[in-house]
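Please go over the structures that come below.
In what comes next, chain A is part of two complexes: it sits with chain B in the first one and with chain C in the second one.
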Partner chain A sequence: MSLTLKIDVRPPRSKLVIEKSSFDDDKSRHRKNVEEHHFNHMVELFIPGCAELPPSVQAEFDRCDDYYLIKNVPLTELINKDFIENFVKKGSLYMLSHNTHIDKHNAYAVLPTGQLILSVHKDTYEELGLVGQPSQFNRKVKRKFVVEVDLTQDIFVPGKKNYERVKQGFQRTKLKADFLLSWKPEGTRQLAGSILSHFQGSYECERHSQAQQTSRHTDLLLPVVHSTELEEGEDGQWCSAREWYEWLGAVSCGISCNEAPEHYISRYSCPDPNELTAAAVRHSTTGFIAPGNVCTLQEAVRSYMRDNKSTCPWAALTAHGFVDSPVSWARREHGFHHGGENLYTFLIFRDSNYWLFQAVGTNDICP
Partner chain B sequence: MKRIVSKGDAPYYYLKVLLEFEDKTMTVDVLTFRTVIMKAMMSMYGEIGAAVPIDILKYDVETMSAILRVAGSNMVKLWGALTMLSYYDEKPCAFRVEQVSPFLMALAASSRQLLLHTKE
Partner chain C sequence: MRNSEKNKMARFCDFNVPYSENTENLRQIVEMAIKLGYESVALNCTVTPGTTKGQAVVPPPPKPVELSEATLAPFMVQGKAFQQLTRLTAIIETHEQKYKVNPNNSTITAYDILAVQPLNLKMFEAACKELEVDIISLDMTQKLPFFLRLTPIKRAIARGVHFEIVYAPAIRDSTLRRYVISNATDLMTFCKGKNIVLSSQAEKAIELRGPHDVANLGVLFGMNQAQAKDAVSINCRSALLHAETRGSAVGVISIERIMKQTPGVISVERIPSASTDKRALEKDSGEGQDREDPPGKKPKLVAKKKIK
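Moving on, here comes the complex of A and B:
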C-alpha cells in the first residue's frame, strides 16, 4: 500500500473588485459604498503634485470625531431600554468589540441601522438559545454562528417574548467585551458626549482621538493612468488599474519604487509608463472612524479636485476596515482567514470620474 | 459604469515577516537576509525551490523585518519554508510571519496592532 501525502499548495482565495464610474452618474454607488462600510480603522489620502495637504482637506481630517473605549460591558447593557431609546434610535451608533479576534473569540458589533450582530462559537451559541445562522465560511464544521438581534423593532421591548428570551440568553452566558464606540446624534439638540455619561457611572470609559500622520515625498515616479481605461493601453500609453493599485500599496507601505534596487533583492519598480512629480503628500488618520467622516472627507477632496487651481492629476482616498469586524459592507458577513482585509480605495480624477477598488480576503462575500 | 471582478488566486502575495535570532545582538544586511530565505527554500524544496523568484520590497536592518512579494502559486511553499527554518549558519533563528495578504495596500495598516491615541 502506498501512502501519498497531499499538500494543498493553492494560496487562499481573495477578491478584488474594480469599478469605474462618475460622481455625476445617478447610478453611482460611491456614497453607498462609504456609508455601508461601517468600521474603519485607518483612512489615508495621497495627493501627488502637492507639497502640503490643502487646508480645506486638513480641516476635515481635524474634524474627525473622537471615539470611546468602554471596558467590560455585558451584552445585557446593549438591550437596556433607555440605551436603545436614547442612543440606538436617536442617531448613528457604531460599536465594535475591541481586542476580540474573530477567528478565535466571540465578536460583537452594533450597526447604525440598529442591528446587534454576534459572531459566536458553537458552545456559546448553544447556551445562548437564540436563532442564528451557521457562519457561511465553515458550513461543514459549523464552528461559528452568527446571530442578529434587531434592536429597533417596535416589539423589542421588555415584557415581550423575544426580548425576554434575548435577555435571558445574555444573562445565562454572561457575555461581555470591551467596546469601541462612536455616536453621532440626529440633529444638534444632543451632544455626542452624552453617551459617555450613560456608561461612565458603571463602567471604565476612555476617550480617544484619531492619530494623524503626514509623510511627504519628493521626486516620485507616478504611473500614468487614463481615467476612462481600466485595462492597460494597447501600445503601452497607460498602466492598468491593477498595476496602479499595487503601486499605491507600495507607496503606503513606504517602499521606494523609483528604481528596482538590484535583481537579486527585488524586481519591483514603478510600472511603465510613468512621469516624475516634484512633490507628493500622504496623510493618514488612525482610530475608530465613522463612515460619516469619510463621506465629508471625500466631498472635500472632490471639491478640491474640481477647483482649477489644483495641479494634481488625481487623488487617492483609502479606508481600511477592521480585520475582526463581523461585517464588512452593510450586513455582509466577514471573517478572518490568514488575513481579514476589507478595504476600499477611491481614485478620484479631476473630470469627476472615479475608480473604486474594493479588496476582500477569503472569508468575505464579494462586495 | 464598468466593473471588473477578479476572484480566486491573486497574481502576487505579500508577506510581512520578521527574522529573529536567538542571539538578540545579531543583525544581518539585506543580502544576507535574501540568502537566509534562499537557504530556507533550498532545504525544503531543493534547487527548484531556491530558484523561486522572491522580491524583498522593503527591509529594515534594525528590526530585521521585511515585506516580501511572491507569485501566488509559490506563496504556500515560501510560507512553509520560512516556518521550517530553524538555523542559519549554525545560529538558531526563526521567521515570524506577521501579516499575509494578496493586496500590498492591506499591509499598510493592521487593526490588530491598533494603538488607541489620547489627546494630550
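Moving on, here comes the complex of A and C:
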C-alpha cells in the first residue's frame, strides 16, 4: 500500500464581490447594503486631490453617535419585558458582545430587526435546550450552533411557552457578557441616552465616543480607473477593479507604494497606469458605528462629489465590520478562521456611478 | 469537576512548556505565551522512570508560575482566567518502565496531563493500545527508531489518545527542521490529521510562536486548514478532558430518575472519584443495585442509557 500525502498549500479562502451601479438607479442596492451591515467597527474615507477633509463631511463624522459599553449583562436581561417594549420595539437597537472571540467563546448579538442571535458552543447549546442550526462552517463536526430568538414576536411574552423556555435556558446556563450598545429611537421624542438609565442602576456602564484619526498623503501615485469598466483596459488605459482595491488596502495600511520594486521591506508598487496627485486625505473613525451614520456619511460624500468645485476624481468609503460578530450582512452567519474580516467599500465617482466591493474571510457566506 | 466551566471553550493551548528550576526564564516563556494569545499552558516535567535503582523518580507537580497583575490584566478585563496545567512526560523503553506509568500512582495522578515518549516499537504499540495516557509524544528531531504502523495508531485514535508534534526544535536548527517535517508528514499519512496536538517545547521565550502561526505550520505538516487550527485549540481541550476521565479512576455512573411520572427522562451524573468505586443503578422503585466494576476498565465520562 502506498501512502502519499498531498500538502494543500493554498492560503485560506476569502471572497471578494465587486459590483458596479449608479446611485440614481432605482434598483441600486447601496442603501440596503449599508443598512444590512449592522455592526461597523471602523469607517474610513479616502479622498485624493484634497488636502483637507471637506467641512460638510467632517461635520458628519463629528455627528456620529456615542455608544455604550455595559458590563456583565446576563442574557435574561435582554428578554426582560420592559426592555423589549421600551427599546427593542421602539427603535433600532444594536448590541454586540464585547471581548468574545467567536472561534473560542460564545458570542451574542441583538439586531435592529429584533433578533437575538446566539453563536454558542456545543456544550452550551446542549445545556441551553433551545432549537438552533449547526454552524455553516463546521458541518461535519458539529461544534458551534446558532440560535435565533425573535424578541419582537407578539407571542414572545412572559407566560407563553416559548418565552418561558428561553428564560429557563438562560437562567440555567447563566450566560452573560459585556455588550456594546447603540440605540436609535424612532421619532425624536425620546432621547438615545434613556437606554443608559435603564442599565445604569444595576450594571457598570461606560459611555464612549468614536475615535477619529486623520492622515494626509502628499505626492501619491493614484491608479487610473474608468467608472464604467471593472476589467483592465485593452491597451492599458486604466487599471482593473481588483488592482485598484489592492492598492487602496496598501494605502490604508500605510504601505509605501512609491518604492522601487526591489525594495527590501515592501515590493509592492502602484499598478499601471497611474498619475501623481499632490495631496490626499484619509480620515477614519473607530468605535461602534450604527449603519445610519454610515448612510448619512455616504450622502455627504455624494453631495460633495456632485459639487463642481471639488477636484477629486473619486472618493472611497470603507466600512469594516467586527471580526467577532456572529453575523456579517443581515442574518448571514460570520465566523473567524485566521481572520474574520467583513468589509465593504464604495468607490464613488463624480458621475454618480459607484463600485461596491464586499470582502469576506474564510468562514463567511458570500455576501 | 475541576475547571469544568473554563474548559467549555476552544481556547488556544500550549501543552509543552518545559519546566525548569530557572523560574525567571519560565516566567518569561509563560508571559510570552499570554502575549501571543494562549489561554492555557502546561508545564512539562520529563522523567525516565526506574533509572535510579528501580525507584520511580517522579517529582511532585510543579507549582504554577507566579504572574504579575499587569500580565494578567487582559484576562481580568475579559473576566476570564489564565490556566496553568502540569504535565508529566515519561520516557519509556522497557516493560518495567511501562508499568511504572500506571494511573494508580498518586504522584502521577497529581499531574493534570500524562504523556509518554516511547523509544521503541514495542513500547509505542503498548502506548497506543493499552497504556492509560493522554498524549503520545515522539522525538521527531531524529530519524524515528521504528516504522510507524497503521493499526496501533488507529487504535490510539479510537481510544482518544493524542499524538504530539513539537515545533520549537524546528525553529532552532535547519537539520532538525527537516526531520520534524518529514516525521510529522509520516505520522500524518497514518492519522490523517486527526488527534494531533501541536505544542512548543520552547526553552526560550523567543522560540514560541502565535497560535495562528503554529496552525499554519500544521498545514505544512500535511493537515488541512481546519485540522491545523484544531490542533492548537480543540484537540488540546479533548486531551485535557481525556485526562480528567483518566484521573477519576474507574468510571462511576449513577443513574437516577428525577421525575417518576415521566418515564424515559434520565439524568446521568458523575460522582467524584474518591467517593465510591461502585456503579449504583437505581430503578423506578428506588432499589439500589450495586455492581462491582471490573478494575482497569476504560472510564467513561458520560453514559447514556434508556430505561424502559
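Please note the rule applied: the second predicted complex is superposed on the first by the 355 of 367 C-alpha atoms of A that agree within 3 Å, B and C clash if a C-alpha of one lies under 4 Å from a C-alpha of the other, contacts with A are read in each partner's own complex, and residues count from 1 in each chain.
The rule is short, and it goes like this: contacts are C-beta pairs under 8 Å (C-beta built on N, C-alpha and C of every residue); 3 or more make two chains touch, one makes a residue touch a chain.
In this text the structure is predicted, and so the values were computed from the model without any measurement.
Of the partners chain B and chain C, which touch A:T345 in the superposed model: first, second, both, neither?
first
Would you sort A:H105 into first (chain B), second (chain C), both or neither based on which partner it touches?
In the superposition, A:H105 touches chain C alone.
Thinking of the overlay built on chain A, is A:D8 touched by chain B (first), by chain C (second), by both, or by neither?
both
Which of the two partners, first being chain B and second being chain C, lies in contact with A:L276: first, second, both, or neither?
Touch partners of A:L276: none, neither chain B nor chain C.
What is the contact status of A:R143 with respect to chain B (first) and chain C (second): first, second, both, or neither?
second
Could you tell me if A:V131 is touching chain B, chain C, both of them or neither one (first, second, both, neither)?
Neither: A:V131 stays clear of chain B and chain C.
Per the definitions at the top, what is the overlap between the chain A residues touching chain B and those touching chain C?
The overlap between the chain B and chain C interfaces on chain A comprises residues 7-9, 12, 338.
Would you mind writing out the residues of chain A in touch with chain B in their complex?
7-21, 25, 27-28, 41-42, 44, 66, 69, 101, 206-211, 230, 241-242, 245-246, 248-250, 252-255, 264-268, 284, 286-287, 318, 320-324, 338-339, 341, 343, 345, 359, 361, 366
Would you pull the chain A residues touching chain C in the complex into a rising list?
3-9, 12, 72, 99, 103-106, 121, 123-124, 138, 143, 178, 337-338, 362
Which of the residues in chain C end up touching chain A in this complex?
8-12, 39, 77-79, 185, 188-190, 212, 215-216, 219-220, 222, 224-226, 229, 233-234
Provide the residue numbers of chain B that touch chain A in the complex, in ascending order.
1-14, 30-31, 34, 53, 55-59, 67, 69, 72-73, 75-77, 99-112, 114-119
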